[in-house]
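Two complexes are shown next, each including subunit A; its partner changes from subunit B in the first to subunit C in the second.
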Partner chain A sequence: MTSWKKFTLSIRGRLHEKEGVPCQDRVVGMSYGSFAALALSDGAGSASLSHIGSKIVTNTFLHFLKANFSEVYEKDSGYLQVIERIRYNLERQAKKFNVPVKEFSSTLIGLALNNEKLFFIHVGDGIAGFVDTSGAKVLSKGAKGEFDNETYFVTSEEAENTMVCLKDRTSENISAFFLMSDGASRILFDKKMNAFAPAFWKIMLWMDNCDYRCLKKIVGNSLKALPAHYIYDDFSIGVLKRVKYESVART
Partner chain B sequence: MSPWHELENIVLNYKIFVDTSALMAPNSEKFFLDELRPLLLKYNKKVYIPRVVREELEKHKNVPEKSSSALKGIKIIEEYIGSNIADIRYEETDYIPDQVFQYIVSKFKLKYNLAFITNDKQLARDLRDQHSSLSVKTDKLLRIISIDLTGEPVIDAEQLKIDLYELGDISETPINISYIPEEGDEIRTLGQIYRLGRRVSEGGRVEYICSKVMRTLLLRFSYLKSSL
Partner chain C sequence: MNIDISDLVENPTPRTPIALVLDTSGSMEGEPIKELNEGVKVFIDEIRNDEYARYSAEICIVTFGKVVTLVQDFATVDRIPYPSFKAGGSTPMGAAVLEATNRLENRKSYYKEFGIDYHRPWMVLMTDGKPTDSIDEAVRRTQEMILNKKLEVFPIAVGSEADMNTLEKFANPKRRPLKLKGLCFKEFFAWLSKSVAQISKSSPGDRIKLDLEGIKGWAELE
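Let's look at the complex of A and B:
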């Protein structure tokens, strides 16, 4: 029997710390029986309420997929259903705050697993990937705008045309899925080498050796100890790691 | 490998030494009596406790704020001696535990894999430094076990950090410049013209915030004075 161990961590970037701006990244995870999901959202720096937007985006993805996985997975329009639901919740919140919905602009990387069925959606930047027996592979690098620092948001008109979507069956050889915001992928994915940095593997290894609280503390402290320019942007990472129950009991 | 399997590996393949700080740690009895003791009994192994550790605990017994932790440590040692899983060692040159452990590393690092159970971070760093000294290299291993607040072992905690060389390369391609940009200057980069906003840092690196339609952009200029 397989279950998934989750790890999620968001850290406010040094620039936001300096300016007293809240962390605009949000990553949440859920592992419940055969269902597991991860959602990561990076709020737009130019949007005043994107830290709330990213919360709405991730929470909606998680709970909507938990309640409607089969329907969303089977239907061709499943992706749009998810995006529409997120937009609906964002618009409802925008009305409450009496502000335009673009003030909640946020990206989305969402991944849900149910009995080895994978549902994946990626709007905007960041990296999603998986680890199998031959190493770590990129599942999606999302879509960036014309320039390196531009991206698309769930509320963007271009979201439907630029989003990366995937529905498939997963293999037992896949031992982990992971999501990274652009702030995290900047230091955990080496663009020049086109490979994941040793620090990424260290975090994966620590997941085996540490419990959730201990891991959060270790990774958080390690990142906070880095020079400021390494994490000037918000940093967030989410991992689902396969746990296989061993028949040998601890004596 | 889970911490429990790692601990089992250490019991099987390492000489284990116990420090005062670990014996006195909160909930240390959980680790020593419930986790380590069954493994030592299972594989018929012993831990080594310098006599100076016992003497240090005896001294702490008389200090009110340390008394209960010291008594707990003494009780653990007695339980271990009773179970025949502890070896109390003494040499004439032994004065304090830290000095004894450093002596043990220098004496045995070529011969055995060594494991120290200590909650003293400075001692752990010193032992690690001594073990990795370049003048006397060894292929034997050193492990440091500390005990967390819940009484669970944390193995090699001081190595649980990310070093810069383990991160992706974030350096940019250098270009020669004759002028450091100022606030208000127009910069052509990333295929677009930006007007530099507020300067947020300076030194060997200048950073400006520039607002764009989609997101806030951080433009960074790194320079060496000699290149100007």
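Let's look at the complex of A and C:
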């Protein structure tokens, strides 16, 4: 049986550090038997509670998919069910805080696996991809407006029309799935060459050799030591790496 | 085990194009032109000192005083010398705004051609008087860009002779033109540089959130 090893890391960008604003990115992962999931959300800088919004978005995705994977995978309306559930939780929270739900505006890249079935949904910016025997490939670049800082959020009216959705069977050739916020893709993905940076491959390699906490520390400290303009925006990456694939490859 | 700069890719920093369209007509002679020069110098310095904006902000300067002059086409601040505007002549505001919008369109084409991401362009229009040429086409083009959420315009009046009705025509209908408090050019440009450095993620078409508290430092608010 396949199982998946996870790695997630979020770092507060320098602008937010300077302004005393919390990190608005959130990335969470779960690996439980044959089920594994990753969710990444980037909160809108223009929304005052988007750091909470991104938490709600990612947690809801993970727990909803864990409880309802088969149903959302089988149903045509599965994607909308996920979006509606997230919106419901955001609206509930907005009522609690007595603010418009817009104040929780956040993107979503969510990926769930269950016995080689893949469910994927992408609202807003960032990158999702996978690694197979021929290298790393982009699964989705999401959707954004003409201008760099403009994108779509789970609560946007345009979310349904702009989201990227995918349900498919995966293959044993796929050794990893990964998600990146736009802050991470800016330094880990060469847009012109459509290629991933050496740092990305280092993380993939170190996942085999380091425990979760040690890897978080190494990558986190390295990135925090970079000149400010590299980590100006919040940075988030999430990886699910196939454990069975690795052990086969090593023999 | 470490990650350093050589392990990363350096995609171009997303650019924020800012066009300064400045009145250098005869009525700006004396203190106003001196303060305007100082203000733009402050703007360049502040952007230069910001660890992100110095890579992101691209500035174009168009002046209108007797003739329209492209003082500086779009460039990052490391390539922009301090200005030394001189006042004189009439106020060809319409032609100056058209020149700025043309430059903006050219710059956007350049970004697209080279795969450089960019933010919504800004245009600052500062005047102490009335236009001496036709502004019809300039107003039409500016309003079209505002309506399509392709441009943020900041019309700023200097002194009591500035024609607010004209500036109103260039303004976003939801954002009235503002009047500079005395000769607070430096305070305005310091605020502008701060605002440029703080562009945050938002939905397509959202208005840019401005530091309203900061505006009180340089604008006469009713």
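Basically, the second predicted complex is superposed on the first by the 244 of 251 C-alpha atoms of A that agree within 3 Å, B and C clash if a C-alpha of one lies under 4 Å from a C-alpha of the other, contacts with A are read in each partner's own complex, and residues count from 1 in each chain.
The rule is short, and it goes like this: a residue touches a chain if its C-beta (ideal position, glycine included) is under 8 Å from a C-beta of that chain, and two chains touch if they have at least 3 such contacts.
Since the model is a prediction, treat every value here as computed from it, not as a measurement.
Bringing the complexes onto one copy of subunit A puts subunit B in a clash with subunit C. In the superposition on chain A, no contact is made by A:60 with either subunit B or subunit C. With both structures placed on the common chain, the touch criterion links A:10 to neither subunit B nor subunit C. When the shared chain is aligned, subunit B comes close enough to touch A:208, but subunit C does not. The superposed model puts subunit B in the path of subunit C at one of 22-30, 130-138, 166-174 or 202-210, which is 202-210.
On subunit A, the patch touched by subunit B and the patch touched by subunit C overlap at residues 15, 44-46, 145-151, 186-193, 197-199, 202, 206, 210, 218-219, 222-223, 226-227, 229-230, 232. Subunit C makes touch with subunit A in their complex at residues 1-11, 13-14, 51-52, 55, 115, 117-120, 150, 197-206, 209.
Those residues of subunit A that touch subunit B in the shared complex are 15, 18, 44-46, 145-151, 186-193, 197-199, 202, 206, 208-210, 214, 218-219, 221-223, 225-227, 229-230, 232-233, 250-251.
On the side of subunit B, the complex with subunit A involves touching residues 1-4, 6, 38, 42, 148, 154-155, 160-170, 190-192, 200, 205, 207, 209, 211-218, 220. Against subunit C, the residues of subunit A that register as touching in their complex are 14-15, 19, 42-46, 105, 144-153, 156, 158, 186-193, 195, 197-199, 202, 206, 210, 218-219, 222-223, 226-230, 232.
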